[in-house]
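For reference, the structures are reproduced in the following blocks.
Two complexes, one shared chain (chain A), two partners (chain B, chain C).
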Partner chain A sequence: MAYRSDHEIVPDHEILKLKEVNTLLDGSHITIDNLPKILESDPQCKKLGAKPGHVIKIHRSDNGHSYTYYRVVIEG
Partner chain B sequence: MAKEKSSDFKVEFGEPVGMIAAQSVGEPGTQMILRSFHFAGIESAIATSGLPRIVELVDAKKRPTTPLSTIYLDAKASRNIDDAEKVAAKINEVRMGTLVRRIIENFAKGTIKIALSRQELESEDMTPRQVADRLGKLLSLEVAVEGLVLTVKTHTKNLKEVRAVRVKIMRSVISGIEGAGKAIVQKNLKTGEFYIISAGSNIEGMMGIEGIDKSRIYTNDVFAIYRLFGIEAARNAIARELQLTLDEQKISVDLRHLLLIADAMTASGSVKGVGRHGLSGEKKSVFARAAYEETVKHLINAAAFGETDQMRGVTENILVGKQIPIGTGSVRLAIKKEDMSKVKP
Partner chain C sequence: MQAEIIKNVKFGIISPEKAKRLSVVKLSIPDTYNEDGYPIDGGLLDQRLGVIDPGLVCKTCGARAKSCPGHFGHIELVRPVIHSEFSKILYMLLQSTCGECHRVLLTDDEIHGLQDKSKKIIALEVEDLTDAEIADNAAEVDEKKGGKSVLKKIRSAKKCPHCGAPQTKIKFSSPTYFYMGDKKLKPDEIRDMLTGINNEDLRILGIDPDSSRPEWLILTYLLVPPVNVRPSITLESGERSEDDLTHKLVDIMRINQRLAQNINAGAPQIIIDDLWELLQYHVTAYFNNETSGIPPARHRSGRALKTLAQRLKGKEGRFRYNLSGKRVNYSARTVISVDPYINLDEVGVPYDIASRLTVPFYVTAWNLDKAKELLARTEYPMILNLISGDGKRKRVIDINHDELLAAVKPGDILERQLVDGDIVLFNRQPSLHRMSIMAHRVRVLPGKTFRINFCVTSPYNADFDGDEMNLHVPQTLEAQVEAKYLLAVQHQVFSPRDGEAVITNNEDGITGMYFLTKDETRLNKDEASYILGIGGIYELPEPDKDGMYRGKDIFSLLLPPKLNFETKTAGGMVRIVNGKLVEGVITKETYGKGNNKLLIKIGMEYGDEVLKQFLFLSSKLADAYVTFAGVTVGVKEYTTNNEIEKAREELLQNTFRLIDEKISQYKNGKLEPLIGYTRRESLERRIIVDLNLAREKAGDVLIRHIDPQNSAMQMARAGSRGSIFQYEQMSMFLGQQATLSGGRIKRGYYTRRVLPHIYEGDVRPSARGFVQTNYESGLSPIDLFMHAVGSRGSEVYKALLTARSGYLYRRLSNALQDLYIEKDFSVRDTANNVVQTSYGGDGMEPVATQFAKMAEKDKK
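Up next is the complex of A and B:
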């Protein structure tokens, strides 16, 4: 369900599968509520069709340094 | 080898990155000078810069004092000045107010006479007939043309209503995109590419124009970016704008400090300022909030609702004179509630 960004300022967003969410959280001391948030009404969420509770994987690149960031979808 | 070396520079556990970011931005901020720079062709667009701009960004103001957009063009229009000018004309916002030389209401007849300025019409490349047609459509009223004079029939003799129509006329957008401001074509001297800058931030409206490069449109209005492209784009825009502002003043701050600020401002899913109504005002700890601003309000509310303070932050621990949870101080002996059953007495 990856979606390629159509603007240089928007990184690629992707809905994380439930299995991947579990491995992500198991490997850390945080719960899903501790993740940064993204609103359901966010333009990128709408494009992906993400619903509250989904975790969005974001393929960021700052100054040529690539890494992933995660946001949990919340209502709003 | 390089990888090994780079890991030496990673942030250690317990390092107060937020404080370091705050100091790294705050200290050079004291050296900033109040200076403005101008854009050729847009006399009104003197971009806000320096400290006022930083404050504006960090406080997450809904609209920048001087909105500016950069609109790149598609392959065809970016090489040809005539095509570029055509696109710019579609964007350039012209309000009736700028075209009018004189406007007189006749309350007895319920008509409004408008004398157009020839000079302004010529500079916008429009005829009185075009203006009249557009105005008639916008107001759904009859507009007669005679030379440079337009006559609007309001179908009412009520003083207030005639005046209301006049105000509406002066505000109506005759051509271009509302909120786009004045748009002019610029040339990138290095690549020879033409692009447009406009003194407005309605990029939602500009996205509908043909001939623009939708993947590169940019504005200094963080909220416009947030509405159109979402929270991740807003985060990038905040960091980019902060860096641009600092670079302009020849101040070098590591990008990672700015990214941290941008991440903190966007962690809730919407863009929040750092002040009283943003991050500082939404801290969990009562003492941390009370120590910042509006002390009495926070303490009274906390007392009224029986709030508890976990004493996990820095501010509240300094307040009571305890060790602060950063660096070696951040190590605690802790156990999860659900794991308590596993503990044998």
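Up next is the complex of A and C:
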């Protein structure tokens, strides 16, 4: 099946810069491994060229509320 | 002591060498006690296996019963047997290896390619699947790798790729029979084959040879568990009764002994083989008496023996019964019943229970006098036990009363009987949400049942048809405080699911409020005083000029003085200005379940305590008024007059005519089909639309013609019980009976019709389950049948749905139960993994969300 990454229901994904990752993890006592995961083989990761260890920032929106979600890329 | 952290747990199979190291005694006599009632040495209760009598000393470790862990013994089987619980794995191994050289049936190249992927395939193999499924799954795994199924390849190998020997197909029949071609394989032959498999090949097949060599699954050295695993019970008559495991072990040893004798005597092979098979059966039953393919071993009474697997398995097994669920002290359980006169956060506790449950009283230097005063008491709120500083618990009885009174000192703990005002946890199973356990204040009452206010039945999902509930007494001050400030009923009014109130007035509580707050409700001084007195309010509102009191003003006394509130309901606007209800009637829409803007408003502006008190007082007042006013429902309410009868007849005739027209249009091919539907489907849909319309119109007819004072109608309007739809079913017509799939009933008799009384191909409403009679006038035979079809369908559906959704919910809540919200609003699991970066995606708490919506509305 064709996957359309530009479909309107697919939220925007972006790779977080290292500095941003550090600020994200700084305040909360979690490590990068505690973040939710996303597979390297995920179409969005492929599109962005994300490699394991990268953190993906996802801009979701739901009923007019928008919020961000973070996932760490893992092998697979 | 520093707590040790478990890094990993590894399961394996006990090797004969390890078993030998574990065993302290070889058991050879298939009996327990001798004539003197003394354990036989070398028997199944040999004293070296550990002690269970408190006085005795263990012959192996020298410890007493409390500290002796028990010691394993062993039986040496004269002929090996297969461990039946592993026969599926053995089958896989025999299939996958060469009968001659015992190498795995793959070429060296294939072995190499597989070395890291072998685990997946084994995982599939071990599951309870049929061969076809295994093949399917294996193919699936393989398809991802882009190759032919390895398992299939192994099985289809005709020749060993290593030694070139032709392969004979291995056959397996549950539980322990293996055949190579037509020849039966004996356990010792299987053992030889398994021993021949080298470690590398085992790893390919997903077995760790260091912890589990497959030949260890062929048993000659059978470990016998210590006596404290299978204690014997001495009955009152002095008769000894042995554990099921001991019985089974006796069986094994008896056959083992007979087998040995026969072999020594040089008995014919057939006899030896028979006995060998019998030995295999007993060992199989010893591991799992529910093994498929063997008859379960039975007691003399006919009861199946509980052997090793049965001890662990299932709801009553060790895991679910003893480890996941334990019995607790300081708890009570009894039937519940209603008491509208106790507050929402109270629970009526029968004296019999209150006098047995205890709350700890911690003696300190500062409350020593109070402690002595308590301890000195000899009736009801008195001290039952004294736990001294060193942890010794003494029962306070007449004999030691004075002694203990003199000895009590700071550091002791007194266990006091439960009294009014103590904090307890109250629970009803199934505990599906957090409101299933709430903290209540104790009210000691006469009687034998727990009493709760009617308003708190809904969070517990309780009724009083025999429901029982559990009560727990928190035993530390910390737990009591936590219960009081987090779990108390008033803190649970709003559900964390959507922020709506789950604790509300129901049924009579709503009927009463509706009648009380109607425009025309006016009471004289006596009546008003009586109603308010029941609510515990001893002031009267301003009377009208004629000295009468308006119901709305009486209700207003319950409201916080400065409350301003406005909402739109089906019955018009409800307006509260400065704590006075000036317009509108209070119905379920204002303060009932699911739609409780008034409760949200009060909860938001005045807090839990005021809200609880409002609910309590309004329920008392409503009950008082509904009793005073008298609301009755009987057949009279549903008996229709000629006028309605005529309207009903007309409505039905019109609908049927409309449908008949459509049917004839269809027959003439003139009916315009709906987009996406066939002509027949279009007709069916059109008919259903017309019938639904008829039902709606029936409701309108009722509303138009029924006396508004009709109490059933009033209750429907108040939202307390019953609906217009139910009224229709009783007074107008039952309407369309549906099948599980949602369509009209159309089959049942041979040919495409429901009953032989109906013409084939008749699609008119009456032929397809439209019931035009009602409960009041009675159903015609065909209508009754149609109704029964529909009822049965919905009954079956209901049963299926509750079972399914209940289990679904259980799995969901078990999976999510340890999640919590961190300080940064992210949702974490116990390993500190982030599940959601912000709770619910937006970090909002549902109750607060409801409050915020209300606040926003107020601003406008």
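Criterion: the second predicted complex is superposed on the first by the 71 of 76 C-alpha atoms of A that agree within 3 Å, B and C clash if a C-alpha of one lies under 4 Å from a C-alpha of the other, contacts with A are read in each partner's own complex, and residues count from 1 in each chain.
One rule holds in what follows: a contact is a pair of C-beta atoms (placed from the backbone, for glycine too) under 8 Å apart; a residue touches a chain by one contact, two chains touch by 3 or more.
This is a predicted model, so every value here is computed, not measured.
A.B. asks: Tell me which partner A:Pro36 touches in the superposition: chain B (first), chain C (second), both or neither.
C.D. replies: Touch partners of A:Pro36: chain B and chain C.
A.B. asks: Applying the document's definition of touching, compare chain B and chain C: which contacts more of chain A?
C.D. replies: Here the partner covering more residues of chain A is B.
A.B. asks: Counting only touches as set out at the top, which of chain B and chain C does A:His7 meet: first, second, both, neither?
C.D. replies: In the superposition, A:His7 contacts chain B only.
A.B. asks: Of the partners chain B and chain C, which touch A:Thr68 in the superposed model: first, second, both, neither?
C.D. replies: second
A.B. asks: With the two complexes superposed on chain A, say which partner A:Gly76 touches: chain B (first), chain C (second), both, or neither.
C.D. replies: So A:Gly76 only meets chain B here.
A.B. asks: Check chain A for residues that touch chain B in one structure and chain C in the other, and list them.
C.D. replies: Looking at chain A, the two contact sets intersect at 36, 60, 62.
A.B. asks: What part of chain A is in contact with chain B in the complex they form?
C.D. replies: 6-11, 13, 36-39, 42-45, 58, 60, 62-63, 71, 74, 76
A.B. asks: In their shared complex, at which residues does chain C touch chain A?
C.D. replies: That would be residues 822, 824, 826, 828, 831-838, 841-843 of chain C.
A.B. asks: Tell me, which parts of chain A touch chain C in their complex?
C.D. replies: Residues 27-30, 33-36, 60, 62, 65, 67-70 of chain A touch chain C in their complex.
A.B. asks: Going by the contact rule set out above, which residues of chain B touch chain A in the complex?
C.D. replies: 214-218, 225, 227-233, 236-237, 239-240, 255-256, 259, 263, 266-270
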